[in-house]
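Handing you this structure, nothing more for now.
Labels for the chains are A, B, C, D and E, by order of writing; each one numbers its residues from 1.
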Amino acid sequence: MNKKTLAYHLKDIQHFYGNTKVLDIDDLKIQKGSITGLIGPNGSGKSTLLKLLAFAQKPTCGHILYNGQKEFPFSPTIRSKVTLLTQKPYLLKRNVFENIAYGLNIRKDKRHLKEKVKKALRTVGLNFEVFAHRKWHELSGGEAQRVAMAARLILKPEVLLLDEPIASVDTKSAKLIREASLKARDNWGATLVIASHDLQWLYSISDMQLSIFKGNIFSTGMENIITPPFEKYNKDLIAKKLTDGQIIKLKSPSPKTNTAIIRKKSISIDLETQKDLNILNQLHGHIASMLLEKKTGYIMSAISIHDMSFILRLTPDQISTLDLYPGKKVILKFQANDVEWI
Amino acid sequence: MNKKTLAYHLKDIQHFYGNTKVLDIDDLKIQKGSITGLIGPNGSGKSTLLKLLAFAQKPTCGHILYNGQKEFPFSPTIRSKVTLLTQKPYLLKRNVFENIAYGLNIRKDKRHLKEKVKKALRTVGLNFEVFAHRKWHELSGGEAQRVAMAARLILKPEVLLLDEPIASVDTKSAKLIREASLKARDNWGATLVIASHDLQWLYSISDMQLSIFKGNIFSTGMENIITPPFEKYNKDLIAKKLTDGQIIKLKSPSPKTNTAIIRKKSISIDLETQKDLNILNQLHGHIASMLLEKKTGYIMSAISIHDMSFILRLTPDQISTLDLYPGKKVILKFQANDVEWI
Amino acid sequence: MDYIVAGFFKAFELLISGDNATWSAVWVTLKISTISMLLSIGAGLPCGFLIGYFDFKYKKHLRTLLDTMLALPTVFIGLAVYAFISHHGPLGELGLLFTLTGIAIGQTILAFPIVTAITASTIESIDDDLKLTLVSLGAGKRNILATCLWEVRYGILAAAVTAYGRVLTEVGISMMVGGNIKYHTRTITTAIALETNKGMFADGIALGLVLISIAFIVNLSLSFLRKQ
Amino acid sequence: MDYIVAGFFKAFELLISGDNATWSAVWVTLKISTISMLLSIGAGLPCGFLIGYFDFKYKKHLRTLLDTMLALPTVFIGLAVYAFISHHGPLGELGLLFTLTGIAIGQTILAFPIVTAITASTIESIDDDLKLTLVSLGAGKRNILATCLWEVRYGILAAAVTAYGRVLTEVGISMMVGGNIKYHTRTITTAIALETNKGMFADGIALGLVLISIAFIVNLSLSFLRKQ
Amino acid sequence: GNKGLMMATTTSTDGTGLLDYLIPYFEKETGNMLKWTATGTGKALKLGQNCDVDVLLVHAPPSEKKYIAAGYGKDRREVMYNDFVIIGPKHDPAKIKGKNISDALTAIKNKQAVFTSRGDDSGTNKKEKLLWKNAGIEMPDKEAWYLQTGQGMQATINVCQEKMGYTMTDRGSYIKYESQKGGHAPLKILVEGDSILLNQYSVLTLNPNNCPNANYTLALQFSDWMASQKAQNLIKDFRLLGKELFIPNAK
């Protein structure tokens, strides 16, 4: 990667709340003009990472290069260029117009203010006449979220960090926000990092996905995570027992690690079991959902194995051949030693 | 419907914020022990309806019968029986334990408090030892949401009103919350009304769905809504023009109404066009996603027609026959007069 | 200048030597300020809550009135209370003139608007979501009162501390209603006024320091209630 | 009792008859209270903001100190200021004794801790999300100060109004530093004290009512700043 | 019941420390408790009129007589006096030292030298007004050189000292002031000795017709005690800087 094209470079970042380490990132690079999706369960550290990237908080250890330079909160380079949409969008105790215009006012940029606000509202699907003069508390949850989004978009920032921008937003607005994000990248070359639990939406927008789990980052996209407790299975293997009686066998971990990751590419899907080769897992389940990954044409499929969910990336061919559809019973297969431990 | 089995009966409810009418419900009945899903775009009135059902606000006009009785805020019948999880969950400025125990403390119910809190936390997937003593602000967004949920579940209320309970919650916890909701109904006969934008999740939990649009309720489940502007097409028909050039023709409305609804059952899916019968719409698009509706085995499919999204309910047979999968190009067909205007 | 330095030494002397008159004034001051704080908090918190929590028609007017009450001069309150409890006054029978109870009544009137006004504006700042949450968890009116006050406890503390400062330092009421009677109703502040009147500035400073020490100790013991 | 009623009539009389001494006191009171409020707000808001917004090591101690300063008796402040500006004091050259400027300095010292303490606890109550939002929108330090204060404007208003009540009603500083000199440094409150001492209770009540009217008018004109 | 005796008095008796010295003897001898509140003469009389006290110790003979005539007071017993003096800066810019009282005031007026007045209608203030009248000078009010402090004697002396002006004070207060300055007071006595400058203190009992609940018997007992030889001697022995502050003159 060319250094000149790097928006962010995080080195040896560790972040603590009190004594608890919540982020641990050795090295992370984010390209200029890229859209990065952040995926991870609750409490994995997504919001914390976004706050660090926004320079709204200082990491406990390590440092962050922005455009190749070490930067800190309140540095003028950062202030007007990096913008974060927080997870709980906070509206100032003013009306919608003033909320959206706030960032521009700070920048003393008052030209065409009304037109800009109008446009920003339109971008998130809100009507200027109806909403501009609403007070901050006279909005529904999703409307507030979208106003907050508009307040970020109007700034045309170099970096747009979005923390669950569509959490309480309806489908139509989610689409609008996606389009606005893509436009931000295409029109003024913005770099975007977006955290969301809506994987379909995130996949439809991002160039690459980072999975966070317990503060660690895996840049290979969405992973299938198997959490403790495990039991000893035999000398080499340990087992995760599902309550329906199925067993997932895994190669024993090193002592310190205790969470297993099975990469998507290691898992295959089938309709019938084959003779047990002992170290092969063959898990019975059914397809819960299938979503189109628009850019690639792949179909992200969620397969329920009892109370666990595995994500696979299937081709149209595979689906046609196996005649797959949501509800269809399938078998997932992967080797016990296709596991990575963290 | 037997009156004795009705949890709620809303009659001629209208609710205004200022001069704007945001709810208009002639008659709505909710069965005891049912799980009702509330679906609707941002600002359609879901939260307002839930607040009315919780007797946390009084409707501007009309009245609400609870168990056959007119009830009002602070009536002792209501207070300890109806519980609302608000859209923006507010945690009291205390630790997690005290937040969850708050409702029980109010009810002066101190027996087995610790066990109950432990159990409630477990229900939402949080570890007692890790979280019980966390302060209210030491939680991630999704963790806070789940603590708020636990604080409601612990009360074992007769009615549980959930306003977007999984908005910022991860997939695994969403599942837990679904299970907890189902248990609430099965174990102590709770009545649930749940608003969510996650349709898959909502379909997987609710017995019936209510669609809200601009404060009006349609109890037939999720509808396909076509919004203005419309243009005159010919004497009888008006048209919605999509920006890709496609046209949706619709039977002219009565003057006062301006939003069109096409019920799922009126739409059919096909791979090829047929000869135009003039009043038949044949819209080209592709399948965006397919989700299993667990209870029925139907597959809820979202079809993208340019920038609009239609929802259909397909059978596994249909899918196999047409070889459908996300990404597949399809054609939706419906009659111009299969429209309802509101 | 010199009397300020002298005052510092004198303050130590007064306290250490166990000067009777000083200790009596300290004791009187503590007693009446405690009573009046308890009364004004007892009445002011609920009133402030009601005014801050609910929206009603004449709320703005009531707030203006309350703010105006913040500007009740102590001598004025003293005169008004005197009018009621003096021998010819309607409450003359109770014999409250020149008593600590009398002073405490006046100081309660002084502190009440402070507690009420600051509580009201603190309560006003609470989130609508809190109100909704409490109702939705089944809180009754009392629970709502108690929980809301607890949510904004730092604001309430500020109200109490401000009112306490006011009560502790007022002279007009103590003078008019209490009469500054040595060993009986002489408070630290009336003693300061007396010393100053006599031109004994060093003694005035010394007594002022004693009063500030009391406030310091009280605030120190309250500071564990503070955040962080 | 009767003198309270008499006081009401007298108050009208004083104002309507254009009594020179009364109007002079009204004017003096307005002038010094305006100056001291401007100064104490100008200094108190930023200080309160800093204390409330940031977390630092000795914050709790500083708050305790500030709370203690709320209990500075006015006579004490008066004595201290007097020590500095009296003929023999270090600032004696400036000739501030028995001037309105002198009183205003003392009253600023009186009002500053009130403005600061209430502002600090109001600012403390603001949401972390607001801070984060401001930073994320590119607000600089000044913007943050201004916006935060504006977000909690009702709390700030309460701080100002409380301090104003305190300044308007204080006697000790005006008496000690101003000297209660008729037509020059006599404020309404020192006039009340004087009338009361003379046994002219009705006049005291009347002047008290005049003061309260001033406060009322000021608060009324501030009330448009209030919510709803 | 016997709650003891409540007295209202003027600031000068309390401020000089006389009462702190004298009253314990009374309490010990008679076994009665006596509490006092020290205020301006006007307020003291008012408290008596409202029956909030039992007995008065004041120094404004004309007002006292009117007070009795109005039916508020009963017995008036003169117990002691001191005198008023005019003090001013050592260098005496208006050159009043040694002049008689009227000439002195005229000189002050003509020179426009600062004169601080208590302006509080107290006994002292009333006396001062009388002096201006006797000197044939129209009562000053708004004149820039005439400062009305509206405060007690010490505060007024204090203002006077800061302004390097003149003022009229009772001797007791002046001695007290002198003692506080360690004998180096910047203000000196410039005019004294005129018989008009006499400052008479009296004990007044309240008229039982007006105040039936006031403790008249005990008040009379106190009045008697103050006039007793014992008390008179005690008053005579009360000194500051070796100087007598009050001269007993009970008849």
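The working rule: a residue touches a chain if its C-beta (ideal position, glycine included) is under 8 Å from a C-beta of that chain, and two chains touch if they have at least 3 such contacts.
What you see is a predicted model, and the numbers here were worked out from it, not measured in a lab.
Touching both chain B and chain E: give me those chains, sorted by label.
Under the touch definition, chain B and chain E have C as mutual neighbours.
So, comparing C-alpha centroids, which chain is the farthest one from chain B?
Comparing chain centres, E lies farthest from chain B.
Computing the C-alpha centre of each chain, which chain sits at the greatest distance from chain A?
Farthest by centroid: E.
Looking only at C-beta pair counts, which chain-chain interface has the most contacts?
Greatest number of C-beta pairs in contact occurs for C-D.
Indicate the whole-number Å distance between the mean C-alpha point of chain C and the mean C-alpha point of chain D.
17
Centroid from C-alpha atoms only, then distance chain A to chain B, rounded to Å. What do you get?
Chain centroid spacing, chain A to chain B, equals 24 Å.
Could you put a whole-Å number on the gap between the CA centroids of chain A and chain C?
Averaging C-alpha atoms per chain gives centres 55 Å apart.
At which residue positions does chain E touch at least two other chains?
151, 155
Send over the residues of chain C in touch with two or more other chains.
88, 196
For chain A, jot down the residues that touch at least 2 other chains.
88
Which chain pairs here would you call touching?
The list of touching pairs comes to A-B, A-D, B-C, C-D, C-E, D-E.
Can you check the complex and tell me which residues of chain C touch chain D?
So the residues of chain C touching chain D come out as 1, 3-4, 55, 59-60, 63-64, 67-68, 70-76, 78-80, 82-84, 88-90, 113-114, 117-118, 120-122, 124-125, 152, 154-155, 157-158, 161-162, 164-166, 168-169, 171-172, 176, 188-189, 192-193, 196, 201, 204-205, 208-209, 211-212, 214-216, 219-220, 222-223, 226-228.
State the interface residues of chain C toward chain E in the complex, per the touch definition above.
Touch residues, chain C against chain E: 86-88, 97-98, 179-182, 184, 194, 196-200.
Looking at the complex, which residues from chain A come into contact with chain B?
Going through chain A, the ones touching chain B are 17, 40-43, 46-47, 87-88, 138-143, 146, 163-164, 167-173, 175, 197-200, 286-292, 297, 299, 307, 309, 316, 319-320, 323-328.
Going by the contact rule set out above, which residues of chain E touch chain C in the complex?
For this pair, the touching residues of chain E are 6, 11, 14-15, 20, 35-38, 50-52, 151-152, 154-155, 157-158, 176-177, 180, 211, 213.
Along chain C, where are the residues that touch chain B in the complex?
So the residues of chain C touching chain B come out as 127, 129-130, 132-133, 135-141, 143, 147, 150-151, 153.
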